[in-house]
Every structure is written in structure tokens, then in C-alpha cells.
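Each of the next two complexes has subunit A plus one more chain, namely subunit B in the first and subunit C in the second.
What follows is the complex of A and B.
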């Protein structure tokens, strides 16, 4: 008998691991992603005739802890009603005992792979991301794993903050280690537990801001390449990436305020500009009026030379 | 910065430049230059005030520029109608820059500056 190829074995394994959701409401169509603790499938909701995402705990060896984590994620998402946070529809348990939750199926691409256009458009996108994260903070939730792979962009420009799997409460309860090197805050990597608060997300957001502004993600050691960025913007990022949480912007909204100020060519709190820079920014902001004044002076000179008496 | 304040500042700055330019004309007595600069600044202030109030009330770039042009023309004409000590009139030298000042201030107050909301 001819032995099966590795590809065939992998295919069979994938088919075998396809979850069967009890009740027959969902038809699992394909695997769309996998993370450390779960696998995500696209499925068809036969009842409402729409696509949904089904997130299933991945590791059967530690089902209890991971199932609890997935339930916690579902409860967190259920508490967050925001256009940029995908809603959860249902949680349950598969026939094989693995926990699952049904979520909105988000079409689009991750921030890491999207074509994002000019810098100011990317920064405006960042403002929307900050709004969603600030909303979660306002509801007492810290994401703890913000990175380009966890932000999705829909076909119409919708933005979604994904993967709340290691999100935790702001009240100090530590949901355990996690995060992504380069994006997770030093206090989070050190396992500071209760010390991890909204400012850990500010650190990750500043990493995302660096990625959006420069196209380069922070290195695994957190190092940034900010060369070529305008100084005020680089200062905003650098402040958000301070190792000491107390020196960062205190909230996602504060970080967004600085970025909005930069976009509006207003002074940012993270950067003290000199008189020349201030004058340059003023002229740049009001360059049209400045050109009108120059035009006026040219007209004045012309009148003088033509009608000289 | 409100539209009225923007109009006043820009009008005053351009008016002062306008007045100072009179110093380049040999026919203008040097002892009258300060008075001309002050008068021209006031003219600019008045144009900026009208343009600023207009911009606060009506949002129309075209009308804003027209109002600026009109006010600039009227005020400049009033000044130009006064002859210099040797009886000369400086119609073009005063009216043309005055109208340009009005147009610039009219444009700037329509395009820039904040409208106070209750």
C-alpha cells in the first residue's frame, strides 16, 4: 500500500480537527487563523445566513485553563460595545470538550499587511485605534497584546481591534503572562501583575504608532528606528515608549491628543520646540496666507516701480 | 484665534506694511510717514474688523473676498481722495494695494479662524 504524503496527512489532520459545533447551527468552512491558545475558523450561520468566526481552544492538553481564558475573553468582548471591537455572539463547548466562542467574522486584512497610504492617513487611522482602546480602558479592560497583527482593516476602511485573548481587567487582576516582544510593555514582560494598567497599552500603541509612521515595527528588544520622522512625532512615540510607565502619556486618549495635535500642526505635549521651529510650524500651517502676504508684497513692489514718482 | 482677531491682526500687519511703503516715494514728506503708517494700520484694522465680522456671520469665500475688496476700495479711495501737500493724488498707489489687502483679509477670515460656538 502506498504511504500517505505529508501533505495528505496534514490535510487529514486539519479535517479531523475541524470543530463540530453542537446544534447544527454553524457549518465550519475553513481555518482562517491560529494563535497560541486558539484556532479561528470561518463558519456559516445557517439560521441567520451570515458568516461568523468560531474561535476554538487549540490545545487539548490543558483544556481547563485555556477554556477559562476563552470564556474570559468572551465575557470581556460582551462587555465592550464599540464599532471597532468585534462582538461575541455565543460561547459553548464542542462535543470533544473544547471551549469555543462565536464572533463576528471580520473581513479584511491586518494592519501588518494592509496598504495604508500616506503618513497622515495612517496617523488618522491610529487615532481611531486609540479611540477603541481608550473605550476599553474606560470599561476597565486593558488589551495587553496590541500589535499590527491584531488590528484589522475592513474593505470600507473599518478598523477592528482583534484578539482580546490575554486582555485583563484594570482592577489589578493579572491574567498571566503574554504579549508580543517589541510591543508589550517592560512591566508586562517582567510579570509585574497588578502593576500592568492602561499605560501598558499606551506602550504598545506607541509601538504601533512607530510602525504606522515609519513602516518599521519595533525590534523584539523594543528598539525603534525613528530616523526620518519629524521631531515632534518622534518625541510623541519616544514618550509612549518610556520604560517607566509614569513617564508615558497617562492614557490612550492623551497619546491620541498628541498625534491629533501633530496632524493639526499644533504643538505636542511631548516636545518643546524652539522659536525657529515654532515659526516654521506657524508658516507651514498658514502657508497659504503666508504666500498671499508674499504676493501682496510683490504687488506693492510692482506698484511702486511702475508708478514711481 | 477667532475670525475677527485674525482679521484685525492680518489687516493691521498688512496696513502697516502698506503705510511704510509710502516711505519709498520721494513725493511723500518724510515727517508725515509716521502718520501715514498709523493711518494705514487703522485702515487695515477697519478692513480686518469688517471682514472678520462678515466671516463670522456668513460662510462664503467668494463673498468674503468681495466684501474685503469693497471695504478696501472704499477706505483706500477715501484716503487717496485727500491730496498730498503739493496737490498730488496717489489713487493707484493707494487703492490697488488697499483692495489687495481687503481681498487677502477677506479670504483669510473665511478660510481660517474659529467661530465661537455657544
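What follows is the complex of A and C.
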């Protein structure tokens, strides 16, 4: 028999590396992403003739712990029914013993890579993100790894919060290390154990807000570059990024309210404005009325000068 | 090849898993008390490693083919008779590294003795297809001094996957499913771009659904056999996982 060429060996090794879900329902098509704990594949559900995502535990050094984490993620997703949170279809064990779960396959691109349009459009996107996160908080779940790479935008503008791999219960103990430097809250990075609550997600959301508003993600040490942003918006971000959780907006909805107020040119809770700023905001918000008043005054002046002659 | 239970064909994906996915480790078997278990372990050892060993001796030590045959036979005879492979300790490294270092030592000792190694070490020589191995040496470059281990690994990988393909062919032939093996080879081993399912369907007079089902079943069987052979060739779970990672790359890590 002809020996296998190097290319054939590489192809077969790649083929063998693809996960094999028992039962033959899913045909794995391609690898679409990988994180610290898992690899994600696009697969074809041959029964329902649709694409799905199959997430497989990746690190073989602690397979038991990670399999448990994946199962936990699947249970969390199953409890979260929200249009911006991809549903889980199935969990199980591959032929080789690795844990897997089958999820909705989300088409699109991550927030980190998407073309996002003007700033106000980006801020409105942020409001939708806050709604999804607030919903999870309402169901007792904290995400713990919110960042531009974990938010997907679909072709029709759908928004999905992805990768709930290190999510945990609000009232439970800290599930352990995780998160992303620059986005993770200080109390999460310190591994306070049990001390992480919804305000850790508020911290990460404020980092996302900075990214969306300025186009610059926080540095790995958490530093922000907010130069050029309107002061009220910068103040909203700065409050969300307070080291002390008690000084942040208490919830994702509160943070969203501040951003919505900024978009509506209303005062924001995080910023005390001066009289001139208030007047400027008023004029900016009520531009039509201001122009009417100006027009009226100009007209009155003209009439005054005409009749004085 | 041992007998293989044939499951009933399912509607989707072909037959239900029928390949032996759990095979005892030959490494563990080398130290077993029962002679038949030791014999089986020896058989798997030879089947898994004789070709990389022969090629290694030929290319790394630049031995003439007759000398390489003698050294290969002698090495396995030595390994099986003395049972020194039972001394392998999985905590101290991979079995394959242990084997290669043992081979280096064996060849060095043989050279030092200055005498030709008696083929088979006095026992009946193993029946090995050296002509086939010789054919595979064409165009094979000797390993650089700093990549000897990688070279040996690559040859082992080639041998393992080649063995899996041969077992796949034989099993499908046994079941009267040669078309499955043919489709698998055409789809995954053709040079250049793989053919579309529609092209495969035309070539084999099937419909596309049948091609899809055959290929899904063949891929599943292929993966099961790869994992089964890796289980067979490793000492414990940790080494199995390390070998899976070495063979299948970062996808598994």
C-alpha cells in the first residue's frame, strides 16, 4: 500500500481531531473559535437541517473540572430565555469522553471587529446589551467575562451575549479565576471568593461603553482613554469603573438609564453640570424652539429698525 | 484482526458504533502475569512500532537494509524476551520516547560489539513486510540531530494512521461496505480540492443523501479506530491524552 504523504497525514489528523457526537445527528464542518477552556465548531444538524455550534471542552489537564464548568454553562443558558442570549440545545459526552454542548449557531461578527457606525448608534447598541445583562442579573446570573469579543452582532442587527463559560450565580461563591484583564472588575481579579455580584458586570459594561464611545478598549491594567468624549458620558463611564463596587451604578439598568439620558440630552446621575452646560444642553436639545426664539427676536429687531426710520 | 460485532444500520449516519473503542493498553500488558496477555501485548507492540523502528535504523543510523532488518528483528526479540519494556514508568515520560532511547542504546551496543546481530536473537524471526517499509523510504530525509524525536514521532503517526486506514478498509470489506471505504478515501485522501458530495454521488451511482450517510459513518469509524489504537498504545489516561494531543494537535488541548 502506498505510504501516506505528509499532507495526507495532516489531513487525517485534522479529521480525527474533529469532535464526534454520538448518534450521528451532527456533522462537524469547521472550527470557528477557541477560548481558554473550549473549542467551538460549526456543525450541521442533519435532523433539523440547520447549522449549530458545538462547544467542546479543550483543556485536557483538568477535564473533570472543565466538563463540570461546561455543564454548568449549559444549565445557566437553559435557564436564560432571552433573544440576546443563544439557547442551548443539548449537552453530552463525545465518543472520546470530552464534554460538549450544542448551541444556536450565531452568524455575524464580534463587537471587537464590527463596523459600528456613528457614536449614538453604538450607544443604542450598548443599551440593548445592558438589557440582556440586566435580564441575566434578574435571573440570578452574573456573566463575569463581558468584553467586545463576547458580544456578537448578526447581519440584521441582532445582538448576542456569548460565552457564559465562567458565569456564576449571583448568590453563589465565586466560581474561580477567569475574566479578561482590563474588563474584569478589581474584586473579581482579586479572587475575593463569593464577593462578585452584578456590579462586577457593571464594571465590565462600563469598559465596553468606553470601547463603544471612543473606539479604544481599556488597557490591561484597566486604564481608559476618554479624551474627546463629552464630559457627562465620560463621567458615566468613570462611575461604572470605580474600584469600589459601592460607588458604581448599582445595576446594568442604572448604567443604561444614564446612557439613555445622555442620548436624550437629559442630565445624567453621574455628572453634576454647571449653569452654562445646562443652558448649552437645553439649547442643543430644544434646537427648534431656540431657532424660533432667535428668529422671532431677529424679526422684532428688523421691525424696530424699520419703524424707527 | 479480531472479530468485530456488526450493529444494525441506523437510518442516519450508517451503522451504530461497532468498532472496538476500548482496547487494553499493550504497555500495561507487557508486565502482565498471564502469558497470553503478554503475547497479545507483544503482538501489538510489534505491529505498532516495527515500521518506524526499521525506518529509523535505516535513515538515522544509515544502515544497509539487511543490517536494518537484523537490528529490527533483534531489537523486538530483545524487548519481548527480556520483558524490559515492563520497566517503562509512565510517570517519567512517553512510551514512544522510552522506546526510541532503548533503540538508540540497542543499536549502539550492537555497533560496539562489532558483530552482526543474529536475526531474531535466536528465536523465530517475526513476519514483517520489510519490502513495503523499504518502499516508504524513498524520498525520506534523515532527521536533523536536533529533531530526531520529532522525526520518529512523525513516522509513528504515519504508521498509526496508515494502520487505521487499512483496518477501516478491511472492516468495511468484511461488512460488504467497500463503497464506504472508497468514498472516505476519495473525499479525504484525494490530492487537491476534495470532490463535492454531488460528484461523489455521480461517481458511485448513489444519491447525495446516501453519500452523506456513508461518509458520516466512515468518519465516525475512523475516529473511533484512531482513539482505540491510541488507547492500545498508551499506558494510562494521562499518556493517552498526551498522545491524543500529540497526534491531533492543538484542537485537543
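FYI, the second predicted complex is superposed on the first by the 292 of 309 C-alpha atoms of A that agree within 3 Å, B and C clash if a C-alpha of one lies under 4 Å from a C-alpha of the other, contacts with A are read in each partner's own complex, and residues count from 1 in each chain.
Everything that follows uses one rule, which is that a residue touches a chain if its C-beta (ideal position, glycine included) is under 8 Å from a C-beta of that chain, and two chains touch if they have at least 3 such contacts.
Computed from a prediction, not measured in an experiment: that's the story for all the values here.
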{"item": "Which superposed partner A:39 touches (first subunit B, second subunit C, both, neither)", "value": "second"}
{"item": "Partner chain in contact with A:78 - subunit B first, subunit C second, else both or neither", "value": "neither"}
{"item": "Touching partner for A:296 - first (subunit B), second (subunit C), both, neither", "value": "first"}
{"item": "Which of subunit B and subunit C A:65 touches, first, second, both or neither", "value": "neither"}
{"item": "Larger contact residue set on subunit A - subunit B or subunit C", "value": "C"}
{"item": "Subunit C-touching residues of subunit A, taken from the complex the two chains share", "value": "1, 3-4, 6-9, 11-18, 20, 22-25, 27, 31, 39, 46-47, 58-60, 63, 95-96"}
{"item": "Residues of subunit C defined as touching subunit A within the complex", "value": "10, 12-14, 17, 21, 132, 135-136, 154, 157-158, 161-162, 164-166, 188-189, 191, 212, 216-217, 219-220, 222-224, 226-227, 241, 244-245, 247-249, 251-253"}
{"item": "Subunit B contact footprint on subunit A (complex, rising order)", "value": "286, 288-289, 292-293, 295-297, 299-300, 303-304, 307-309"}
{"item": "Subunit A-facing residues of subunit B, complex", "value": "10, 13-14, 17-18, 21, 24-27, 88, 90, 92-93, 96-97, 100-101, 104, 107-108, 111-112"}
